[in-house]
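Some notes on the structure that comes next.
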Amino acid sequence: MDTSLVLVLLLAPFLGFLFNVFLGKKAGKSIVGIVGTLSVFVSFAMTLYLFGNANQEPVVINLFDWISIQRFNVSFGFLIDHLSLIWLLFVTGIGSLIHLYSISYMHDDEKMHSFFAYLNLFIFFMITLVIGSNLLMMFIGWEGVGLCSYLLIGFWYKNQDFNDAAKKAFIMNRIGDLGFLIGIFIVGSLFNTLDFTSLKNIITTAKDINDFWIALAALALFIGAAGKSAQIPLYTWLPDAMAGPTPVSALIHAATMVTAGIFMITRLNFLFDMAPSVQNIIAIVGAVTALVAATIALVQNDIKKVLAYSTVSQLGLMFLALGLGAYEVAVFHVITHAFFKACLFLGSGSVIHGLHGEQDMRKMGGLKKAMPITFITMLIAALAISGIFPLAGFWSKDEILMTAFHANIALWVIGSIASIMTAFYMFRLIYLTFFNSFRGTEEQKNHLHESPSLITLPLIILAILSFFGGIISLPGNSWLNKYLAPLFSKVVHEEHQFGNTEYMLMAIATIGAIIGIGIAYKKYLKDNTIPSEDAEITGVTKVLYNKYYVDEAYDAIFVKPVNVLSSFFRDSVETTLSALIFGLGKVTNEIALQGKKIHNGSVGLYLFAFVLGVIAIITYLFL
Amino acid sequence: MNNILNQIGIENYIFLSVILFCIGVFGVLYRRNAIIVFMSIEIMLNAVNLLFVAFSTYHQDAQGQIFVFFSMAVAAAEVAVGLAILVSIFRNLGTIDVGNLKNLKG
Amino acid sequence: MNVTTLLIILLVGAFATYFSGDKWAPKVALLFGLTAFAGTICLLSQYNLGQEINYTKLWISKPNISFALQADGLSLAMLLLTTALTPIIIYSSFGNTYKNSKAFYALILFMTFAMAGTFLASDGLLYYIFWELSLIPIYFIALIWGNGDAEERKKAVVKFFIYTLAGSLFMLVAFIYLYQKAGSFLINDLTQLKLSSTEQFWIFLAFFLAYAIKIPLIPFHTWQAEVYQKAPTVGTMLLSGIMLKMGLYSVIRWQLPIAPLAAKEYMDVFIILGIAGVIYGSIVALRQKDLKKLLAYSSLAHVGLIAAGSYTLTLDGFRGAVLQMIAHGFVVTGLFLVAEIIFRRYETRKISEMGGIRAQSPKFTSMFMILVLASVALPSTFNFVGEFTVLYSLSQVNIWFSLLGGTTIILGAYYMLKMFQHVMLGETNVRLFADVTFNEGLCLVIIIAVLFFFGMYPKPIIDLITPSLENILTQVNRFNQVK
Amino acid sequence: MNTLIAITGLGVLCLLFEILNFRKAIVPITIIGLLAVLGITFSEFNAPGSHYNNMIVVSKFSSAFSALFIVLTIFLVALAHDFYEDHKTKISDFIAIKIFMLAGAVAMVSFGNLAMFFLGIEVLSISLYILAASNRLNVKSNEAGMKYFLMGSFASGIILFGICLIYGAMGSFDVIEISENSLSAELPIWFPIGMILMTIGMLFKVAAVPFHFWAPDVYEGSPTLTTTTMSTLVKVVAIATLYKLIAELNLIPSLENQDLLGTFKTIVVIITIASMTVGNIMALKQNNVKRMLAFSGISHAGFMLMTLLSISNSAGNLLYYATAYSLAGIAAFTVILYVCKNRDNEDIANFNGLSKNNPLMAAVLTAALLSMAGIPIFAGFFAKLVLFNQTIQAGYLVVVIAAVINSIISVGYYFKLILAMYNKEPNEEAAKTQFVFYAVAIVAVLLNIILGLFPSAVLDLLG
């Protein structure tokens, strides 16, 4: 029963993919859209069903042995437990919403069918990633989603910059994947299995575990996660990934794929609990990423870039939580973040749609009359992400900060600053986009209009979710924590007692958020300052605007040297090596040429050599 | 007959013919006139013939002397052929200097 | 079916093709290629039914050489690769017309015959003979039907021939030496030998020279890129798809079991050599201007990894190596076919002269993309199964090896995607690019199907090769049992 | 025995034909005659015996090699017809000389007495001098003849001196007596010296370094058919005789008695390696095909000398190598005769694009060269294999390594020719081929390949 369900759940998007690939062009755009969306919706329905009557026991489905290693087999199997169900819920849920959205958004693109094909494929791989029963199955999904993100970032392939962005994303992910693989190798050789359930049993029961190797494995796996979830130092691909169509940014680079890293670490929480040192690293990396990304987001003018960096920063917060062992908190924030970040992206998408592809906020403004729904929904989402009571973001972010506070004040400070900045740049975005007067061209001004219902509907739904999303894990009695409890080896550390500290923290957070919003209000609404043109940007702003020149640095440190080396090998080493081989031939030829001189045709010489030979032999033998 | 050989001793015959042989060799090496080279080769052969005879006396058996006839006949045949070649060379080149035969080399 | 029948089919096929005349030659060749494939399947089924597949007949009494063929799982796997690829290769060439094609296709079949013999032979000298024989057809194929300036081509091909011959002659000497010890060339006797470690070292070295040049491992690879570039694509496919695998197969089949002590003692050196090949090849491939050369260096990198895997002397290493051999065989054939397809349209192999093809040929693009992904070992493709196993085995020897070898998944992705981007993407090319024709498409589809099927379900092949690999492993470890 | 008589008779017959004006028929009749003689030889193969008080001793060895010589002569005679078509008047003389030369050759491998040996070698040499200079209006031919004559007679002088010393030591020319005495402890030093001198004389005939200088010049200058004769028949005869000489006169044991064996073997090793190396390296830069093959012949002589390192059990291997080599040589030279017919020189350039003009001939030449290079299934490969095998057995790994390196070098120049045929454009249209060329070339190559497929047929012949 379950098996067939799961297979349907898994294969529905795949079938959609096949349909769109092979028949999409003929079928026509509307059919393509419907099929694509339906196929995802089917899996969503399946998920709901499973979610509805899921018992405590996780369901394991092994189809067949896939890869055989001498000491163990890796089965081609699936694992449905509470964690994967949670993820499935919002992957398929938000997935279907965004498909819906794309029907209208991509309607003018002549390659709509391949767009939907890729989206479906992505959902398929994402599901594989989530329900894989062992590390390698997860790895299939892991690389698969990477591939889809490559395809979708480079969707408009005629622009080589986009292609570069896509390539960059894929390769940076691959760097992480290598870490992942190494992690898999170590785990495999330590425990002779890659299966999550058996791993959990072994590790939780094992007495003497080699801490070093565990730590190494955890570290390697974390590198993998960092690659996928855009953490320092592997985060630079995410902002570039905004080259892809906006729905892609919403689905892949905000809501689902980039959370895969968190999913993986949560999946392997028992492993990471064994390696506190690595946990600290994770926490620190997360915090720093949150801060750095936030600072960059402060000054970006591309509406999607802002959102991208905010995503990075939010992911950083999640990793902070993971590092502190508060997996359920991280999950909570993943979910709420999925809601409001998807909403924000789609909103920005609708704005861009309205302005016919304009992304620079300096050329926007005053859109709130033109597109009210977009405005309202984005406002709600912005409030949510800034952590205003009682929206979803408030609860999740507050949980994280609280955990940080209890663990380490410094982390809490960093986190708080990051979230204050969040509030600032989000409202900077809101004000620049929707308030004051329109700064675009006349021609655009006349065409300003609210986006069609297919676009606004998902916005509304997501806005609602980002408003009420918090209820799934209210402090005190958290449904989510209870639901996830069976996953964690350690008992979920008890809910925070609501003493004064907690209330104080909440207050501080809220005040911080309000301050942030206030500054934005002062700067961009009252003074109505417009960010200056790229040329005029100076000082710290310039550094921030250029993202601390990290891309340039990477280029100088890694990419250029490799290419230089490559041409060096190609031009020097290769030629030298073959010259060496030819050299042998040349030498013999030279000898031959000299030899020809000796055979000079004079009988006298020949006879002389003859006699010499005779004498030599005789003397050598007999004297 | 036999006692003469005993008086002189076989070694001396050997030395003599070796010396003759060497003279022949040097002749072949150092003279460039084909005719004289032929003659030097003849000297070599005859040196050997001499030794044959000496040995056959030493061993008291006739095979050696018979062999000398063989070798003489052969030498004659050889020289005949050689002279024939020489004639055609002289017709073509107008010289019998062995040193001029250097078209074939390398 | 008797194992010799397969060889006879191929040999007869070669002659039949030659005498069928230029017009019919391709079809006849294809026919015989398919027959051979069917024959292999037949052998396979017999093997799975548990029949011994071997044939031994005394050939030369003094020195004692016998015409001995033997097919275990490993040989059959390689045979499968050979006979499966040959028809594809032949069929893929239908797009071109070759002058004097009867000789061309006859040589292809003859080469297949020789290579199949190499995989089957269980008598050292017979093996050597097949090994050498396979060299002659490819020499002529590359020389006569190759492309580019005749002088350049001549240089490259002669270098290739002499180079490889040089290597293998030392192998011959090693074989003769072994014969002195064992009194026969049969592998079963040779693997029984208990040679001193110095003897083993020298023999190992002699073999290594032959294989390192054939595979090729750096720094013995200098013939490769040029020959790949100069040879006609069919020849390149034969070379890279099957012939390289002869070297790798021989490492597992002959070198390691005969001289295990040396193999153990110098394991690290050879693994490092392989891994160095991976990194070096990938980096050189990065900046190649010629598509075929780029692919050549990419396969240099891949075989480096395979070699490293087999030198780990672990079951995983062997298994991964064999899996990767087969996977790489298919992928590289497909990629060279892609290069050929582009060449048929644009008459160029310069990457700089391509670009903007995607918009004009969706089918071709998708197939090409899939092949690229397979060659960078995306999970669920066959190559991933092989590469994962190999890297795992490396990690068992030393985690650093797997880390360094693993760079292939980064660098590989880098150069392959870069290549794909510059060949296919960008503003639509002004020159018309017709989408794949039927037979081009068919070849690619078959290859892709194979890659995905075994990528998802490699079990049959794993089950096929594992027992024989275990046997080889016991031979390799026979010296440990002594102590 | 009968072989020898029959051959001589045949020779005389040839001379008679001239008188009887049978020029047309002479070639076929001779071939038929030779085939008959071949039959006789086979019949003698299993009937060893000695005749005319040990002047002639027929053994497996002698009859096997005689058979080979006769086969080669058949090929040569077959080719003779249209080689000499421009001076028909002399054809019978030339063929007769070839036959007599064959008689000399047979005498050389079946001698039971040094006198017989000496006569044989002289008959062979003198006929060769004539053949070398036979194109008497051609300066090159004259020069070749002269050079060969001078050095040849010099060499025979040395051989004669050697025989003489042996006679002095043993008091007899009879091989059996000599071999018996040679085992006795106290031998005059002359005996080994004499043996060495004879060996040197034979080394000259097989053109081993440093006695090889004549070969390239003479090969280049002589008429191509004569070159064919030299590089196939004569070389084989010489090496076989040398082998027989050393084997039958017990040189090895006698040297052992006077513990000179070590040094002797060193000399053989040095000469072997030197011949291989010099031959191959010098061949690399030759433009004249005949000259190139001359040097390659020198290197092959070096290979065959390897048999002297394990004299006791290598007769079969020597026979096999000789057969493989000479058959390949015949095939190769046939093609050269065809290509260079009515061309003034034999430069490699003449072979350009042969594969387009005449693919069959190109294929034959390729096969022949591959066989010489020692590529499998051609007899040349097994020939090398058995030599290597037996030499490693005798413990001379060094020689084998050298040999291997040399075979690698040799590929270099063999392939120069193949490349010319396949990779260059023809510079003029093909000359029409006589049937006989095809016949000879193909038969030779087929024999070669058959030997490659069933080496035992020859290898086991001499036990």
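All chains are identified by letter, namely A, B, C and D, in their written order; residue positions are counted from 1 within each chain.
The criterion applied here is as follows: a residue touches a chain if its C-beta (ideal position, glycine included) is under 8 Å from a C-beta of that chain, and two chains touch if they have at least 3 such contacts.
What you see is a predicted model; the values in this text were computed from it and never measured.
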Between B-D and A-D, the pair with more C-beta contacts: B-D
Distance between the centres, which are taken as Cα means, of chain D and chain A, whole angstrom: 79
Centroid spacing, where centroids are CA-atom means, of chain B and chain D in whole angstrom: 27
Gap in Å, rounded to a whole number, between the CA centres of chain D and chain C: 43
Length of the line joining the C-alpha centres of chain A and chain C, rounded to whole Å: 37
Overlap residues in chain B, where contacts from two or more other chains coincide: 25, 28, 98, 101, 103-106
Touching two or more other chains - residue numbers and ranges from chain D: 146-147, 150, 154, 216-217, 412
Which pairs of chains touch, using the document's own definition: A-B, A-C, A-D, B-D, C-D
Touch list for chain D against partner chain A, complex: 146-147, 150-151, 154-155, 158, 189, 192-193, 196-197, 200, 204, 210-211, 213-214, 216-217, 260, 263-264, 267, 278, 281-285, 409, 412
Chain B-facing residues of chain D, complex: 115, 118-119, 122, 125-126, 129-130, 133, 136-137, 139-140, 142-147, 149-150, 153-154, 156-157, 160-161, 163-165, 167-168, 171-173, 190, 216-218, 220-221, 286, 291
Chain C - residues contacting chain D, complex: 59-63, 125, 128-129, 132-133, 136, 140, 143-144, 150, 153-154, 158, 161-162, 165-166, 169-170, 172-173, 176-177, 179-180
Residue ranges of chain D in contact with chain C within the complex: 316, 355, 370, 375-377, 381-382, 385-386, 388-389, 392-393, 397, 400-401, 404, 407-408, 411-412, 415, 419, 422-424, 455-456, 459-460
Sites on chain A touched by chain D in the complex: 585, 588-589, 591-593, 595-596, 599, 601, 603, 605-607, 609-610, 612-614, 617-618, 620-622
